[in-house]
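The structure follows.
Read from first to last, the chains carry the letters A, B, C, D, E and F; within each, the first residue is number 1.
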Amino acid sequence: MKKKDNSRLVFFNNKFVKEKDAKISIYDSALMFGDMVFEMTRSFNKKQFMLKEHIERLFTGLKILKINIPYTKKELIKICNETVKKNEPFFDNDDEHRLMINVSRGPLGIYAPVFDNKLESTVIVADFPLKWTVKNLAGFFDTGVNSIIPSQRSIPATLMDPKIKNRSRMWYQMANIEVSNYKGENNFALLIDPDGFITEGTGHNFFMIKNNTIISPQGRNILRGITRDYIFKLAKQLKIKCIEKNIEPFDVYDSDECFITGTPFCILPSTSLNGIKINNGKVGNITHRLLKKWSKNVGFDIVKQIKKWANEDYSKKKSIITPYQFKKK
Amino acid sequence: MKKKDNSRLVFFNNKFVKEKDAKISIYDSALMFGDMVFEMTRSFNKKQFMLKEHIERLFTGLKILKINIPYTKKELIKICNETVKKNEPFFDNDDEHRLMINVSRGPLGIYAPVFDNKLESTVIVADFPLKWTVKNLAGFFDTGVNSIIPSQRSIPATLMDPKIKNRSRMWYQMANIEVSNYKGENNFALLIDPDGFITEGTGHNFFMIKNNTIISPQGRNILRGITRDYIFKLAKQLKIKCIEKNIEPFDVYDSDECFITGTPFCILPSTSLNGIKINNGKVGNITHRLLKKWSKNVGFDIVKQIKKWANEDYSKKKSIITPYQFKKK
Amino acid sequence: MKKKDNSRLVFFNNKFVKEKDAKISIYDSALMFGDMVFEMTRSFNKKQFMLKEHIERLFTGLKILKINIPYTKKELIKICNETVKKNEPFFDNDDEHRLMINVSRGPLGIYAPVFDNKLESTVIVADFPLKWTVKNLAGFFDTGVNSIIPSQRSIPATLMDPKIKNRSRMWYQMANIEVSNYKGENNFALLIDPDGFITEGTGHNFFMIKNNTIISPQGRNILRGITRDYIFKLAKQLKIKCIEKNIEPFDVYDSDECFITGTPFCILPSTSLNGIKINNGKVGNITHRLLKKWSKNVGFDIVKQIKKWANEDYSKKKSIITPYQFKKK
Amino acid sequence: MKKKDNSRLVFFNNKFVKEKDAKISIYDSALMFGDMVFEMTRSFNKKQFMLKEHIERLFTGLKILKINIPYTKKELIKICNETVKKNEPFFDNDDEHRLMINVSRGPLGIYAPVFDNKLESTVIVADFPLKWTVKNLAGFFDTGVNSIIPSQRSIPATLMDPKIKNRSRMWYQMANIEVSNYKGENNFALLIDPDGFITEGTGHNFFMIKNNTIISPQGRNILRGITRDYIFKLAKQLKIKCIEKNIEPFDVYDSDECFITGTPFCILPSTSLNGIKINNGKVGNITHRLLKKWSKNVGFDIVKQIKKWANEDYSKKKSIITPYQFKKK
Amino acid sequence: MKKKDNSRLVFFNNKFVKEKDAKISIYDSALMFGDMVFEMTRSFNKKQFMLKEHIERLFTGLKILKINIPYTKKELIKICNETVKKNEPFFDNDDEHRLMINVSRGPLGIYAPVFDNKLESTVIVADFPLKWTVKNLAGFFDTGVNSIIPSQRSIPATLMDPKIKNRSRMWYQMANIEVSNYKGENNFALLIDPDGFITEGTGHNFFMIKNNTIISPQGRNILRGITRDYIFKLAKQLKIKCIEKNIEPFDVYDSDECFITGTPFCILPSTSLNGIKINNGKVGNITHRLLKKWSKNVGFDIVKQIKKWANEDYSKKKSIITPYQFKKK
Amino acid sequence: MKKKDNSRLVFFNNKFVKEKDAKISIYDSALMFGDMVFEMTRSFNKKQFMLKEHIERLFTGLKILKINIPYTKKELIKICNETVKKNEPFFDNDDEHRLMINVSRGPLGIYAPVFDNKLESTVIVADFPLKWTVKNLAGFFDTGVNSIIPSQRSIPATLMDPKIKNRSRMWYQMANIEVSNYKGENNFALLIDPDGFITEGTGHNFFMIKNNTIISPQGRNILRGITRDYIFKLAKQLKIKCIEKNIEPFDVYDSDECFITGTPFCILPSTSLNGIKINNGKVGNITHRLLKKWSKNVGFDIVKQIKKWANEDYSKKKSIITPYQFKKK
């Protein structure tokens, strides 16, 4: 039986603290500059998925930003697993573990007095139920999302590289705000870069299918998602050609089917772009096959699990935007 | 007599907490997206300087980002003043108050359970001694800083507007890292935008003088600094022409003198660009006059105060970069 | 008493034809390439307004595009006046005349056989009641329009110059389509160019007011509207400073009031940008003064006239977008 | 025996009208905004070529522009064939049928009164002899054309997508005007985009050959021509490698041979760029093989047919530019 | 009486050598990288014009490029004057002196053995008759030149700053080559930058007049010409408003008159752009007044002097392009 | 035994002149505009390497720039070989021959009088010991170089094509100057273009290895080096995949190993980017294999030869930058 909900623990600079106390000083470089690298994972059947790949990506980002981390990759993986173990008692039996791994440069030097002159990196591993993130998305497996290209453009990698999974993402929120002004309830932002190429959503990657080839934007002005990488593996297993290529909105309108990918929900169909239907608004065949194969690989039906978590009628599904609290004034 | 140092208090969502406890939840939009608007002020003779202007700018940013703040401008000013008052006992007699005002959207909706489903904006007013920030800069009033144009470009306003004083500034750190690789001890980053125009430093504005006209970059891809605004006022008082204009590196090389401005240090001369001397490497006349006039306006010698704080020999001045801890690996 | 409505005549290559027959061959360069220059005017109290300026602009466009016109400017003005005169009997007493002047290169050379090998420019002057265009806009004089910045960018002048009033404007329609997907009923597209500067709407110019200065985008990636020019004159008459300057969305959010201008409606307040209110959503004072002065100059209340034409309850005002027929599929 | 020339019929919104009467109202969105999608086809031996592909492309453009068409693809193909059949009596025995299919949004809503408040899309299928278009080009099969890169750049797809075959092409005419100012009689515009990549001509696609590989610009800032697609098929039949790749002017200068493609003329050699000879100014071998294979596929000599139509001595060939009537003033 | 023509002397690293021997080693940075700063002047009545301004500009360039020059500004002026004096005997009485001042970094370090390990900057002052440069231009004072905008764009200052008068100007030649392909005999290249703004010719600055205001492009992607500066002075003397402003081709087409400026010829009218006439192809009034005023200032008729030098009939004037030897192949 | 060092001869317009006299007139287009195409080669065991490929590339450049050369490719190869033969007596036994081939348009037309009105292209073939260039680089085979991305961007090919090996390279020197300001002794400039893609160094090409695939930037904004081409051949011989692809700094940070290539030194490892280590700062395995294979192909150890030439202790290696004489002022 599950213990109390509000007892989850967060690894915080070598200690475990209560989730509510997992907080970062206002003098930390993370809060002064959005200067923090992070990862967010999920488990399948309680087992972390591609954790090694997440940690690899994290360390590449830290290296480029010259942020010191006092652990090896192996040690950090061990910390992650330990965190999961510590928290499992507070999770439901049908829960999955979503880890949030944050590493920042720590408090800025001028604030050293506040920290008794001990300045060190901030390393955090939090663990919370995956269902929080996905339960509102359940209905979209059937209807698909409507991708909206807002006025906000992706910041090109040469100005601030999205391939470093970083926390300077105010512009994601600006895109989300724009999209919240659109009619409809299943709108997700899908950005283009200044060259006009499709990049990514504000938290997911994009794929389209044309003539039985799966195509994803080149790995330039996007986060090269771990889930995105997994699609390439699934495609190989299914013997479907899967390539990277510059994609323009025209190509999406002219495509056979589309979907988006993200760690928490794996794959969601995108059945229209700017309200214009793809595949007559129906979920595509290859999308179905990928979800099915993935489910087979992990040993249970991924979609069914999410639908089970959804504690409301699917016909009343809520937009993922809502949680970001863009209130009307 | 001053009370204990480590007793400073921070206004945090309607309560006062200890400085060490002024921390933001890892589930706050500020930490998830760098989605926070802020201001940093200073006092002269313990009196907050242009606080109203800072608050105005803050509210403009909040409005654009649709971040709710549960106070009016007047109320927030009152909170600031109250914070100063509460902390004065823990400040030295010769200290000045540097306020840090942070406002974020608060925790994201999906994390509502952690916060008992009460989601509200995060509003913080911290107060610390100005000397922390400026004591290492004292020597530069005599030698000037060397402005370095790094490879990192300013993110243009159309992608993420720097006129909103926001916390998605990882790219400032990337510029700082680059500049830390240069020879010399007085290097400050000075960015150009993709058009090749001088914009700003990673925390300061830029001015040059040519033929007795003070020129600052157009208010486009920069933060329109409160101190920058004050230079225009000082120039008016001194009857010196002061204008906004696109500035290119060539113009700086060809200028008569240069300086940078920032709230904590007011004005610092910049006596070279990329190691090439301006005005033969000497502090310029108009720079001197502006500092003098400002000192007169506030009733004491601004530079002298900072030099007094500097607790080391000026010849051993340290780079402002050092505090950011870009360690060699 | 007015004669029959459907008897309006259109000047068409030296003849007058029925309005329904004012049609251009599918082999005309106008239809093959959107290769046509045009003007649209209006009258006040039946008198054409700034007709000379419209004709001047038309001829500049024709010269650049090397389109031959077999009339002098004077002759064309005469033709315009004659067209008005011929049509007046079919207009209501309270109607105003809206002229549409189209000039194209004529049929392409390869289609010469269809035209008995006589290829000549196509010159058209049509005349229809202004109220058609403006009656749906009446309510916006009170509420203001909501300007929306769509993903579609202005085509910069160096690629296709909007200062030539031309008919290759499919991208205006693409912007209109985008805006029709937004919530709300008073949305008007307001474009930015790839530099991020506000340009124009899809048929109107933009103005903002800050600190009692009226500011309009520089005359670069916009049509330099005749009405826009007249605002500068009105401002002079009212002794209000009026300048051209690059405007960014930030500036609009931070402005005191905004309005848009167009030949048919003169001035409409814009009380919000992307749903964010300017001046707390109220029509501004200078906007009022400009409309009042203009009305005085022409001898009657411009707004009142339009409201009179509006044959529906203002509370049920329809979007200007509707007429373009972007149907849901 | 052929009937009278001037009796050709045009399908126009469900009726057949005389060619001379195939005209579009000045209030149609096609003429107001260049807001029309179109196709132009040709026959070989009176049989329409790749008509299905043309219709597919047309419908994709209509979908993106939200232009309603009251026919299915099949119905429109039937209409096309019917139009050909109706016109065949007025064609010479050796004529080929060139169809022009135009679809626009129809008259704008504000002009509804003119059309008895019935607003519908405009759908046109015209049919005229192919020889009109190609007879002046016959000589170029032997000499090749000289491609000229004008100052006018291609409008990038992100601003107005050329992959939608649309009528907002004033900038094509501006490029044509520029090229008409060059010395020589066989100049054809060949545009580059702002990135400096070769795109297309003002009505044709471009190919170069290097080391026995046929290369065509990536399908981004170009119309993806039906003829261009067919070259890929021909190359496959001939077992020649044929790829899409970014091409720069340098690559063309350094190529082994070049040609252009267009529906009416199929393939024309381009033997120089900006007056600098490719392959010493001679038509290349692969160009010859492609034309030969195509001729074989359709059952007659394509080039010979065009030369037969040419009613003038090849040595007096006229520029394709001439027909556009860029008169000297 | 003049001495022998072929006896002119060139100052070359502290010695005077024969003009034919004024040559730079192939191992010099000037020839390896186009890494040389230069100035070219002229005299009026044998007196050097604005020599000090030329020397100032030279030294700014040298400073930015970190090229050492072993002379002070004063010393270099003295060298210039001495060079003129030494050469005057070989000049005609009616000749003017055109100086060419070249300064390069000298031979590269790896070639030190060739130079006995003595590496020093290369400093050259040559002096030749101005008439060589201008005699072919005489006719253009009456007819004006036709400015042509080629495909070649100006390299923006942020990539290589034209405000440093440098010798990496292969792209000027590429523009000249393009223009040599145009019909007509009075064509001069006039470049635009990637933003579409008029910059400069390949050796001259540009001015237009609109409503009695003289306008020259902003001093960004251009050489800020000494002659250009002098136009501002002349305008002041004539009480004509003269400003810097971004100019687009549209503005030139729409202007009242245009001219170009260069040290050797002072002012030449530009009576058309891309073959489209400005001011009906006539030389403008303000152009005339500027030339007249300048002539008055220097004490003789500038144009008359050049026409006198022209040893051919004006009607047979040759293009300035010809001398660059772009041969047909 | 070697004859006197200072007796090397240079082929200069059909004559052989002493190396010290190999100089170009200041009136030559090469010095006026940096308007010269060139090649620099090397020998292995006294035998010229890929000379034919160098000559091919030279002729392509000459053709595009319309520079006449009075020799066929074969004749120029013969001249090269003759030059080597003539100079061999003045080379050490262990020397290799580095040829410099320069071709310019010759003196400008206006200076014809200086050259007795005979204007012809300038054609030069010089020959000097390879060791001059490489002896300072020996140590880098063990330590690798540190690639530095300066603020200076590559000029994109569309503005001035680096694929033409030309002498308008002042911007290379500007990049070198920047890099000379960095801490460290093994810094080499590595440029990015305005798109943020890695291009080339100021005289070398770049390669990275990821997952056993060798990757080099696409042949766009770079010189397509002859040595670069040879790497593709070597890779084929070693059965290692070698491709062209856009590379971003992120990709380099994330790579397994990196190296640079240039004719004189063949291959040098690059063990860090901006001071951030690749492969923990160690020379990579594939780099070793390529060097070994190349050595085998030419019959001796390439690296050993260079190290032998190095007459100083490797630990005191000097930067390649030093020779360019960027002096401190």
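The criterion applied here is as follows: a contact is a pair of C-beta atoms (placed from the backbone, for glycine too) under 8 Å apart; a residue touches a chain by one contact, two chains touch by 3 or more.
All values derive from a computational prediction rather than experimental measurement.
**Student:** What are the chains that subunit B and subunit C both touch?
**Tutor:** Of all the chains present, those in contact with both subunit B and subunit C are A, E.
**Student:** Same or different: at the subunit B/subunit F interface, is the fraction of residue numbers used by both copies above or below half?
**Tutor:** Same residues, largely: of all residue numbers at this interface, over half are found in both copies.
**Student:** For the Cα fit of subunit C against subunit F, please give the angle of the superposing rotation, nearest 5 degrees.
**Tutor:** C-alpha superposition angle, subunit C on subunit F: 180 degrees.
**Student:** Give the pair among C-E, B-F or A-B whose set of contact pairs overlaps with that of B-C by over half, matching residues by number.
**Tutor:** Interface equivalent to B-C: C-E.
**Student:** What is the distance in Å between the mean C-alpha positions of subunit A and subunit F?
**Tutor:** Chain centroid spacing, subunit A to subunit F, equals 46 Å.
**Student:** Please tell me the distance, in whole Å, between the geometric centres of subunit E and subunit F computed from their C-alpha atoms.
**Tutor:** 33
**Student:** If you look at subunit A, which of its residues touch at least two other chains?
**Tutor:** Correct list: 63, 66, 158-159, 192, 194, 276, 329.
**Student:** Identify every two-chain combination in which the chains touch.
**Tutor:** The set of touching chain pairs is A-B, A-C, A-D, A-F, B-C, B-E, B-F, C-D, C-E, D-E, D-F, E-F.
**Student:** Which residues, counting only subunit B, touch subunit F once they are in their complex?
**Tutor:** Touch residues, subunit B against subunit F: 148-151, 178, 181-184, 192, 194, 274-277, 328-329.
**Student:** Within the complex, which stretch of subunit F touches subunit A?
**Tutor:** By the definition above, subunit F touches subunit A via 192, 195-196, 246, 248-250, 253-254, 276.
**Student:** Where on subunit D is subunit A touching in the complex?
**Tutor:** Going through subunit D, the ones touching subunit A are 60, 63-64, 66, 156-159, 161, 163-164, 218, 220.
**Student:** Contact residues on subunit D for subunit C in the complex?
**Tutor:** So the residues of subunit D in touch with subunit C come to 5-6, 10, 19-20, 22-27, 29-36, 65-66, 68, 100, 102, 105-106, 108-115, 119, 124, 126, 128, 132-133, 152-153, 155, 158-160, 164, 166-174, 177, 194, 322-327, 329.
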